Amino acid sequence: MIDILYFAWVRERIGLPRERLETNAATVADLIAELSAHEDRYAAAFADLSALRVAVDQELSDFNAPLTGVREIAIFPPMTGG
Amino acid sequence: MIDILYFAWVRERIGLPRERLETNAATVADLIAELSAHEDRYAAAFADLSALRVAVDQELSDFNAPLTGVREIAIFPPMTGG
Amino acid sequence: MRIIVQPDPFDMGAEATAFTATAKGAGAIVTFTGITRDNAAGDLQAMEIEHYPGMTERALNDMAHQAMTRWQLIDCLVIHRHGRLLPNDPIMMVATAARHRADAFAAAEFLMDYLKSRAPFWKREITASGTDWVAPRDEDEAALKRW
Amino acid sequence: MRIIVQPDPFDMGAEATAFTATAKGAGAIVTFTGITRDNAAGDLQAMEIEHYPGMTERALNDMAHQAMTRWQLIDCLVIHRHGRLLPNDPIMMVATAARHRADAFAAAEFLMDYLKSRAPFWKREITASGTDWVAPRDEDEAALKRW
């Protein structure tokens, strides 16, 4: 089981802030492909990977990051703090 | 007549903060030479020109600045504000 | 080193004074304060800032530790609000204390550049005509390259 | 634009708050505050700052005008004390307000670099063993080259 969190317009397009899933995906990219194939709202949110950022266990990471042992991933647009 | 102001250790070596002089010196350098020839305390204060800075009518200037029409010059060490 | 993430307003002047009072041996204090500006159309009603609780604190802590290591800092402070902000509200603040000004300035700019593009905050503008997520500025991503 | 040269102490937090409140349209406020540090021997009793009345105000005004022209500034503030200061007293302060942080940071650093080496102030350290004029630092003169 893995927790997936969504923020900003990614959260809005998917329609929920977080969910817990069972997945066999090996990487973040695989998980994104799996979700996009499953439902249109994911496909819409994940259409342009260059507009997305990912954190793995609360550290900025990339789409090739393996999911083995990971408890929480987050997918969101580029950050706009400060 | 010209007002000459001294600051920091230049003031201390010369022993006064300002004086008013009649001079025929053409430039700041000439005035410094004139004063240095006149009394030891000036020679001591002005011994190393590279350790001195000059302002002419309250604008930073240099030793070649002409004195024509000038009302006030100031001679002092490098500034240490901030 | 203090990291504060909160919805509540803060008093930048009081924070600057308190930070300075405890920075023993400092000769140079730099503060940066970010203010909610009106938008181009001049009709901003509010700014909403979403963040990623847990990761936000980790990211800010990590940046502050990096700043303390890379420059000769005596102390640093990061405050960042989230939730609903009104125009002219302070959004966030960074303060650095060092013996000399070069370290205090560089560390404050480093913290700001990282905070802009690497801390999990997302801004949204609320206007009469709707809401808009703020797009990242190219200059902000480019600014990271200098560190 | 405000230039203040005074012997009295000032409250950097209150000044920062007041400056920010009047800087309409600013998204970025940078402040720098210089503090009287103890000397290497740890026996500083006081710092005395001599200045050149008249020229000081002119020089600071000129620097502030230059900063307003070279960067997109909404406002700037310079406060500098003279006379006798105690350890940990604020000596001086610069504040800049701009829409974006790059302008606010650059202008504040420019003002500081000029103020250090081109404004007619001279510092003297008073210790138990006597008084010593502070020597200029080579880095301070070198810092001017970047502008």
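So that you can tell them apart, the chains are marked A, B, C and D in the order they are listed, and the count of residues begins at 1 in each.
The rule is simple: a contact is a pair of C-beta atoms (placed from the backbone, for glycine too) under 8 Å apart; a residue touches a chain by one contact, two chains touch by 3 or more.
Keep in mind that this is a model prediction, so the values were computed, not measured.
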Required minimum of steps from chain B to chain C, each step between chains that touch: 2
Rounded Å distance, chain A centre to chain C centre (Cα mean): 26
Inter-centroid spacing, chain D versus chain A (mean Cα positions, whole Å): 48
Centre distance in Å when chain A and chain B are each reduced to the mean of their C-alpha atoms: 72
Junction residues of chain C, two or more chains touched: 34, 101, 112
Multi-chain contact residues (two or more partners), chain A: 82
Contact pairs between chains, per stated definition: A-C, B-D, C-D
Interface residues, chain C side, partner chain A - complex: 34, 49-52, 54-55, 58-59, 80, 91-92, 112, 115-124, 133-136, 140-141
Residues on chain D engaged by chain C in the complex (per definition of touch): 11-18, 20, 25-38, 90, 99-102, 104-105, 108-109, 112, 139, 143
Residue ranges of chain B touching chain D (in the complex, touch as defined): 5, 7-9, 11, 55, 58-60, 74, 76-82
